[in-house]
Amino acid sequence: MKADPKGVLTGSHTLTGNHACAEGAFAAGCRFLGLYPIVPSLEISERFLERAPEVGATFIQMEDEVSVLAAVLGASWTGKKSMTVTSGPGLSLMMEHLGLGVMLETPCVIVDIQRAGPALGMPGRPAQGDMMQARWGSHGDYEIIALSPSSPQEMFDYTIKAFNLSERYRIPVALMSDAYVAHLKEEIVIPHAEEIEIEPRRYYKGAKDKYLPFKRDKDFVPRMVNIGDGYKFHVTGLTHDDRGYPVMNEECQEYNVHPLVWKVRNYVDEIIEVQEAETEDAEVIIISYGATSRAALKAMEQARKSGIKVGSLRLVTVWPFPEKRVAELAKKVKAFVVPEMNFGQVVLEVERCSYGNANVIFVPHGENGVENTDDLLSAIKQAGQADKVESVIIEFNKGV
Amino acid sequence: MKAKETKTKEIQSVPSKKGEIHPMENLLRMDRMPHIWCPSCGIGLAVTAFASALEKANIDPDKISIVSGIGCTGRVAGYVKLDSFHTTHGRPIAFGTGIRVANPKIKVVVFSGDGDLIAIGGNHFIHAARRNIDMLVVCVNNFIYAMTGGQVAPTTPLAAYATTSPYGCVEPPFNIPYIADSSGAVYVARWTTLHIRRLINSLAEALQKKGFSVVEVISPCGMYYSRINKLGDGLDMMKFYHDNVEIRHGEDTKNLDIGFQTKIICGKFVDRERPSYMERYNQWLSGVKGGSRDEG
Amino acid sequence: MNSIISAFSKGIEKSGIDRKKISMPSDVPFNPDVVKALGVDYFQIPRGRAIAFGTGLKLGNPSLKVVPVAGDLMTLGGNHFVHGARRNMELLIICVNSFVYKKIAGKPIPSTQSAFSPYSTFEEPFNFPHLGNSCGAIYTARWTALHTEELADSVAEALHKHGLSVIEVLAPGPNYYTDIDSIELELLKFYHENSTIKNNEDPKNVAIVPDEKIIVGKFTDKERPTFIDSYNVQHSKILGDKFTPHGGKNG
Amino acid sequence: MKASPTDVLTGIYYIDGDVAAGYGALAAGCKLVAGYPITPSTEAFEAMCRMGPQVGTVFIQMEDEFGSISAVLGAVWSGVKSMTITSGPGYSLMMESIGFGAMLETPFVLLNIQRGGPSTGVPTKTGQADMMQSRWGSHGDYELIAISPDSPQEMFDYTIKAFNLAEKYRCPVMIMSDECVGHMTEKVVIPEADKIEIEPRRFYKGPPEKYLPFSPDPDLVPKIAKAGDGLGLYITGRVHDERGYPVKNEEFKAKYVRRLVDKIRLNKDKIIELKEESTDDADVVVVSYGISSRVAVKGVEIARQKGIKVGALRLVTVWPFPDEKIIDLAKKVKAFVVPEINYGQIVFDVARCCHGQANVVLIPHGGAGVHNPLDISDAIESAAKEDKKIEGVVEFKTRLEKIVFERGLKFKE
């Protein structure tokens, strides 16, 4: 399906990452925004509110983040593509409803503009400290999809992709950006509506009385209907069968929850997107995502100039984690260098998936700015010199 | 809760005579009967009253969505044959707000208990009332958290016993109509499960009302509240309602406190007009360039 | 905002309460120097949780005087407010109602009055004293940032109340890091010209309505047993000697 | 320091795990408990409401989970020990304040009786799917301690230990129990007060004007103060310096937030408690925690009867994770078998620490029940036979999965 031209602001614009994200949402067909103001995600909702009347979108500012995500889930069931924008503390408050979204298999997009944490941290300062939270933050077992854009153009593109994935797999998708990318102003190109591919919602088309809200189709995804179409369905956050009725036993728990995990694990190849650069002959590979991949690419070029064979693996999809690709590369390289704006999150996954075949060097968020490559370059040099595989993560500049 | 659920498994549904159809069959999910509620519980009565009110108010059932939270009353959504949502604890009003704002053609009914709506959901309750979101909130008040086994609720009267007030409740209870009124609800009524016909009329009236309407339904809890406080069974509670309820329409909501086994004042207390959220929204929209909206 | 702090400080002075015993949980970021000058213990906590945090402080050490100063009170913290009032926890809540929540780029908060907010101008604000009163607060008052004397008196009076007292202060913005700019001055002038003092007015009638005068004053002043009082009374009644009373009115 | 005799309900009891945890908290000197009812953790709160007023512990049932954890944090800063009790959904709601507690280095204890998830899931039955959440659930970087008891007696003992760890390292401590242990009724022995060791709070005792709330001792843990002592506390959830004042420079984030994680990571050896059995010459080691470790005992027994050399490693402290122990064992054994009541959480950390040196088998279980010991023994058997190195976590196909997805079941409520 093609995008609705009403929401597509075709042309070339100079936009911040946040504004680009709002445009991406409109282009993807998002017509409902639940919001609660929080730094540094404000500009997304501002842009959304400003353009909503023209596009024909609705929004509501709720009393807290808890109710925001509840309202977004409700809105999604009326047939409107829905999203919310927030930052760290807000994401923490949304955790319960993230679980409800997974359980009700409700498509929606959560944009998290990460700021330095924990607690109130440093509002407005970039960080990548919510990566693990996006994957593990709600109670119970589930899998989720998380994307991490690194430029305003990608904020636009991957917001659309997030909506498409969420409709395809009926799952909440997290767009894990950060304050740096969100406030970065760059030129972005918005294509014509007919050039934007949109995943339509997968609706049920059979007889009204035969509708089962959680009966999985061949593509492993149950079909949806809208409220008010007369299907009189029931859905619940309790463990349920195909009819959506609660059943409280071991068998049903297995029947209900295991597919929630399979839904993503069995389709990783379709979901995962990584961007590789010069990995063919690389001895050291920088694994990065979001804002840090900007520094990573810069460091790669500089290191190449000084003769070290460096490649870059950029995780566009952070969750599910590209296990296979990392494992393959681990066999070829000496070391992975993982820069993150936190004190060790995705690097643990890299360690797990390298199966002892490569060193893992972690470069935590230093005192220099996001795009500063000094630490990264010295880590690369250190990585190139190593001659044996260590059994632990080597932390660069430990104990600053 | 545990005890209850094992119990329901043992009970077999009563075989009906051939061809006999339950009068509410078009509005209730008969395939889910028997329900989980204990004998002497009043929630079933509230549901029946709601179903009758739906017929009476003559609203297209396709265009109604019912949202419940967690708790005994939270299970109502599962037994009503409408587009029904059983959501998280305390959030049905927020969930319903999303539905209503995204699609103003849908009438949202939130059917939940006192603990769900007033304790953990208290914030959403007062805010939805302030915004005057067009929804009907049916709050079944049984003075206790029954699903988790009888803990003290914000509606438990002073000095009443509960498992988390083993020496008597020390907190004064909420006066639900008063808080609804002061936050801006346009329709506020209170009935007990004894006043079925009045309750049906009230619900039917509230369903047709534009704006945030609250109907508090006082219901006996034979399993926990009455048992812990030694108040007898459901029938005794009904007798108590019969003897101690006073109907005073239009009473000032501040006089509606409920004490432990004291007089309960029922009636319709508030019925007024205020612009609803969608009305204000559309009014704002018409003032913005290019803004237009045909729905709602 | 500065005037609120000085009024608050004056109020403490007048009440004669030891500053050391005052704790101030707040979601408003105060400047460390201001806190030092006030001489109180200050906690900056997540948005909206000032009252719940204060409840813990008070229960843990009943001799403390807890004064939650809240900006996000009625949004995230609405529930804590209504339940705190119902329990009658001994707290003095100072709710800074800034009409437009300046800190975050002028987004409206629920007590925002329509005429001033640039965005969702269609939402009606809470009638805060009425809501407080209906939930059981024993003392409600409203002043603007210009009524410093009255505010100080109110603070002094409320600090001696046993139970949940709430003072709503209409102020340009609860943000210490912004300088008072022209908009704020205009607002201050607006408050001054458009407010009228009506003590003991029924809180029902004090809603802030566009194009009408803002009613300020003290609206509620009553007595009710506090949570700790009823806790002690009820448990001594049932448990007798086995019960160790907790705290008491003055610790 | 010894426990106060008035707090300890000395005697021999026949109680369930929830109640035992409640009594443990009282014995540890918990003076305020704030809770909100949620199945299956309510019994612990009820027990504390019943006994609390008799030992001078105040209870308050707050309006929601945000309220209960905030009240706990407030109580700790007023100078008393405090805890809250919850289960899955409530735990999710507390996430923001847990991060806040970690940031303020507030010593408090949280008892989470896990149930089947996600969302409302199966409220009355067991699960172990909040394990990763306990480590990663709040935004930003922080570290905390999580303990997983497996019997009512341990619920009592480890609740006291949790309080001690919290005071010692000034961090939130999670007791990650589950419904099975919570509702399991067994004999619990509560010793006399002088046999219970209590870690006193590390109060600051110097002159008030010199107090720096976040200036660390050599073990990286700062001294704590309480409100109302005239110290003029300025405590904020923003990134702060030693004085507690907010900083705006990223250089400081590296410095101050780093200490929050380092104080746990560098003291790991002192914190971690493991229970190991016959791992010396084992071919296969079963790694488990909580109720799964009790089921695993049976599985291990069956496997041993078949002549397989099996060892067992029980994680009493799940977080911080015992990386070094697994790394050591991985060099010696063929495979790890990890039974968990979830679809893979702790097993990923086991796999991470293996570095490809041993195979890792996950025995998943969705919750609402415990493993079939036969599944565990079968998994051990096949892991012992496997000679190939397999990359990644091998998911064992349980009997339950086969029944549900191969035979096809019609569900009845």
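Which chain is which? They are A, B, C and D, in the order written, and residues in each are numbered from 1.
Everything below uses one rule, namely that a residue touches a chain if its C-beta (ideal position, glycine included) is under 8 Å from a C-beta of that chain, and two chains touch if they have at least 3 such contacts.
Since the model is a prediction, treat every value here as computed from it, not as a measurement.
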item	value
Contacts common to chain A and chain B (chain labels)	C, D
CA centroid of chain B to CA centroid of chain D, Å	38
Between chain C and chain A, distance of the C-alpha-averaged centres to the nearest whole Å	40
Inter-centroid spacing, chain D versus chain A (mean Cα positions, whole Å)	28
Multi-partner residues of chain C (each touching 2 or more other chains)	44, 46, 48, 76, 78-79, 82-83, 110, 120, 123, 227, 231, 235, 239
Residues of chain D whose C-beta touches two or more other chains	53, 63-64, 89, 96, 100, 119-120, 123-124, 236-238, 413
Sites on chain B at which at least two other chains make contact	5, 32, 86, 88, 119-120, 122-123, 127, 154, 167
Category of the chain touch graph - line, ring, star, complete, other	complete
Complex interface listing, chain D residues touching chain B	35-39, 42, 45-46, 49-50, 53, 59, 61, 63-65, 89, 119-120, 123-124, 413
Interfacial residue positions of chain A with respect to chain C in the complex	36-39, 42, 46, 49, 61, 63-65, 89, 119-120
Complex contacts: residues of chain C adjacent to chain D	20-21, 23, 25, 29, 32, 35-36, 39-46, 48-49, 52-61, 63-64, 79-80, 82-83, 227, 231, 235, 239, 242-244, 246
Chain B residues within the chain D interface of the complex	1-2, 5, 8-9, 32, 70, 86, 88-90, 115, 119-120, 122, 145, 147-149, 151-152, 154, 163-167
Of chain B, residues touching chain C in the complex	119-123, 126-127, 130-132, 154, 158-159, 167-175, 178-179, 181-184, 253-254, 274, 277, 280-281, 283-284
